[in-house]
Amino acid sequence: MAPKKIALFVEDNYNDLEFWYPYYRMKEEGYQVSIIGTGNREKFTSKQGLVAQINLSSSQVNTAEFDAVIIPGGYAPDKMRIDQDMLRIVREMNGAGKVVASICHAGWVLVSAGVLKGKQATACIMIKDDLVNAGAAYLDQEVVVDGNIITSRVPDDLPAFCREILKNLK
Amino acid sequence: MAPKKIALFVEDNYNDLEFWYPYYRMKEEGYQVSIIGTGNREKFTSKQGLVAQINLSSSQVNTAEFDAVIIPGGYAPDKMRIDQDMLRIVREMNGAGKVVASICHAGWVLVSAGVLKGKQATACIMIKDDLVNAGAAYLDQEVVVDGNIITSRVPDDLPAFCREILKNLK
Amino acid sequence: MAPKKIALFVEDNYNDLEFWYPYYRMKEEGYQVSIIGTGNREKFTSKQGLVAQINLSSSQVNTAEFDAVIIPGGYAPDKMRIDQDMLRIVREMNGAGKVVASICHAGWVLVSAGVLKGKQATACIMIKDDLVNAGAAYLDQEVVVDGNIITSRVPDDLPAFCREILKNLK
Amino acid sequence: MAPKKIALFVEDNYNDLEFWYPYYRMKEEGYQVSIIGTGNREKFTSKQGLVAQINLSSSQVNTAEFDAVIIPGGYAPDKMRIDQDMLRIVREMNGAGKVVASICHAGWVLVSAGVLKGKQATACIMIKDDLVNAGAAYLDQEVVVDGNIITSRVPDDLPAFCREILKNLK
Amino acid sequence: MAPKKIALFVEDNYNDLEFWYPYYRMKEEGYQVSIIGTGNREKFTSKQGLVAQINLSSSQVNTAEFDAVIIPGGYAPDKMRIDQDMLRIVREMNGAGKVVASICHAGWVLVSAGVLKGKQATACIMIKDDLVNAGAAYLDQEVVVDGNIITSRVPDDLPAFCREILKNLK
Amino acid sequence: MAPKKIALFVEDNYNDLEFWYPYYRMKEEGYQVSIIGTGNREKFTSKQGLVAQINLSSSQVNTAEFDAVIIPGGYAPDKMRIDQDMLRIVREMNGAGKVVASICHAGWVLVSAGVLKGKQATACIMIKDDLVNAGAAYLDQEVVVDGNIITSRVPDDLPAFCREILKNLK
């Protein structure tokens, strides 16, 4: 059987650890990870300066081929949320009941995709109001699992965040 | 008669021009400008590295003494919006019908202060969804004036933004 | 009637606020602002890292089309003063009695253009000796107006600097 | 039963991912991680600028309390290898047959601790000669396990590196 | 006989090579080098970020104890030239016929000290007008020696600059 | 007679002073200096950000044309030591009894070239173990001369380092 395939979003100013920890963690588990960028660019730079090379642009993604989408925080989500293909990916994955996981400011992408109405979720405290205004019940805990939607708050939640993603994928 | 008094918010990662243009512009017109920071810090640094020294912490502000509040963008508003005193200032100024002006990402502060319900407003496109979810009608124009609430999108809107603030103050 | 046209000089290491404040301020007043660079480059970077895109290279400037030239400080003037076309522009504007305005280290450009002999002027204190050696009477005040030559010392003088430029242009 | 306890070395210029991936990965597994620095400093900064706060200085470490030591790369090992307490920790852990794990340039610490004689090991290619001169047989593979000594080459080896550490700990 | 003693000026933004090459070169020859700073600060940072620790503040310098003063360029001279004690040192050394050596923008310090009237000198081309206005004859060559005054233009002139300083000191 | 010719190695993260001091010092003495880089790149950047332009790539070097090779420190040697042509140059120069000089971490290049067996040498203290494991007797002094091999520890040893190189070349 082919290994499960994970879509990992990227844009400039992504949080270094919220991107690379899930990247290597999913690989350690034997999954395939595709790095998905916006527009036509090949490379994106983290808040600290680490460069990530994409595998696919968001417009090239066929969600039928993926089992989960993971969205890191930092200020990258400020740009991801106006990329129509990233929003499409989140909506299609969510519609198919596949894992949609966001951490920290990445909650904005779920807000703009419109998938939080009536859901329990978390994110960093700064964007709590945006989640609530989008129809979510905001919980202040290291990871919130509401069906296929898995959300965390900050880098220190990464162990809990990945544990729940992996539990859901198995 | 005493000169009019302007509260200008600041936090780290403020947009250089969205802070300093209104700062000098209000001074050129003879107004007094008080730089208002969060917490107990004395200095805040812009995205580009310019340091601004505060006059008051937000908890010290008596809004009865001010005629307008101006909120610059950048990623500073991501922190301003969880400062309860900054939200209090915005609500009190708005309740008193005084000028409440935000540009770019500063729209978040108006969202978290809860003053946009049923109002017309603008901001940079990235946060349009947050404004709409907060009850605003989003307009894509250089400046939107809805009563005492004056909003703009980006640095290039600064001339229109300040023109409308000054018109309202006179 | 066509709006008045302002030439605004730029080079690397320009002072962020001394460039952008007059830029937006003249626009707010309805004037056209042309950013003028040296040599064949398209973009110049401020001390803090802001990029300015030029409208014209100095060699392309026909001074008959301009009503004022404004020269920002920082260490940009260290390079502007060896650009023969920038010096030509200053001399031609001055010869025609049009506004020639410099702030901070931009006084060097007036020194190298040779337009300060017998004039009253100011600049940041570091270059006072260069102004005096060039024949100027140095005054330590926020703005000095000697006919068409308008000079200021530091960023905090920007409101007075622009007020006098605008007064002269009307 | 108390959770297993891991010593994670740190110094300035540590490789961001080689430090933080094992840090969160061991935590995900339920282990306790103590960050161990040199000298009397409280904080150390990665190559990219991430700050790590220590739990203990190397001179305070009683190796009887630890089950493994993990040493990240970057240029931090250039300083770790002249810290006599870090060398003592490596030697004592190795003498007790506990996990001693290094990745990338961290191989230098094993060289200076003198624990590689007659062992198979790997590291980034730049320091291959130093390992060989210290008596190791250098293998070019993602992870080399020789008894309690576990070594890897580069950040992309992190999944294999942690997999073997965890296998050994259980 | 005591070794000759050299005063080497420093301020923030000093040119790295124009400071450190003469520093080590004079030491190689057996001379004592004292690093002289302005005001009350202990440390100054170069354009590239190298920190120099002073031996004396300019106000503490007794010129009777020195055989030469060397002034490096960069933008440090923009600040040195308003330090009255650095100007005093240059005037006293010059009055005593001792070596006064400047390279690149350090010519400004000689301008403000008023020691160039009727002298031949060089400097980087940007400040040629300031030297000429101060009464110097500007020559475009790697090193100009006019009695005790030794001047050069740019870092690549350092070998010629130090050769002439050393020739004069012997 | 043609001037003596010096090969000066370079790679990214070279120590600014350990590269540029010997560069200008050898020129001051009338020698020709060729900057030698690795691979196909034209430019290399120092730890502090100074750019050096190469004259030759290491693969193009015919050692019969050179009288000495000087290797600066910083972390550049971490890359130089895996460049087979740089190692070839060191071995050929050493085999011909010509000056081979390294300072600070550049001792690694001599380790990887295999020229230290049975020799006295120095380097910065961090890499002492690597020198000893490579067969050298490590001495803690500002410069160590063992036949044609001249080694120093840190930037402050530059005067002694260059004095001995020049003595040997004459």
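By written order: A, B, C, D, E and F. Residues from 1 in each chain.
FYI, a residue touches a chain if its C-beta (ideal position, glycine included) is under 8 Å from a C-beta of that chain, and two chains touch if they have at least 3 such contacts.
For reference, the UniProt names are A, B, C, D, E, F = Protease I.
If you're wondering where the values come from, they're calculated on a predicted model, not measured in any experiment.
Engineer: Show which chains lie in contact with subunit B (Protease I) and also with subunit D (Protease I).
Structural biologist: Common neighbours, subunit B (Protease I)/subunit D (Protease I): A.
Engineer: Spell out the chains that contact subunit E (Protease I) while also contacting subunit F (Protease I).
Structural biologist: Joint contacts: the list comes back empty.
Engineer: Measuring between Cα centroids, which chain is at the maximum distance from subunit A (Protease I)?
Structural biologist: E
Engineer: Same or different interface residues for subunit A (Protease I) and subunit B (Protease I), judged by whether over half of the residue numbers are used by both?
Structural biologist: Counting shared over all numbers used gives more than one half: same.
Engineer: Sharing over half of the contact pairs with B-C by residue number is what counts; pick that pair out of D-F, E-F or A-B.
Structural biologist: Selected pair, repeating B-C: E-F.
Engineer: State the superposition rotation angle between the two copies subunit C (Protease I) and subunit F (Protease I), fitting on C-alpha atoms only and giving a multiple of 5 degrees from 0 to 180.
Structural biologist: So the angle, rounded to a multiple of 5, is 120 degrees.
Engineer: Farthest chain from subunit D (Protease I), going by mean C-alpha coordinates, please.
Structural biologist: With centres defined by C-alpha atoms, farthest from subunit D (Protease I) sits C.
Engineer: Taking each chain's centre as the mean of its CA atoms, how far is subunit B (Protease I) from subunit E (Protease I) in angstrom?
Structural biologist: 49
Engineer: Centre to centre, by mean C-alpha position, how many angstrom separate subunit A (Protease I) and subunit E (Protease I)?
Structural biologist: The answer is 58 Å.
Engineer: Mind pulling the subunit C (Protease I) residues that touch 2 or more other chains?
Structural biologist: Within subunit C (Protease I), no residue touches at least two other chains.
Engineer: Take each protein chain as a node, join two nodes whenever their chains touch, and name the resulting shape: line, ring, star, complete or other.
Structural biologist: Ring.
Engineer: With subunit C (Protease I) as the start and subunit E (Protease I) right after it, run through the chains round the ring.
Structural biologist: C, E, F, D, A, B
Engineer: Residues of subunit A (Protease I) touching subunit B (Protease I) in their complex?
Structural biologist: Within the complex, subunit A (Protease I) touches subunit B (Protease I) at residues 75, 78-79, 81-82, 105, 108, 111-112, 125-127, 129-130, 133-134.
Engineer: If we count contacts the way the header does, which residues on subunit E (Protease I) are in touch with subunit F (Protease I) in the complex?
Structural biologist: 16-17, 20-21, 24-25, 27-28, 46, 48-50, 155, 158-160, 162-163
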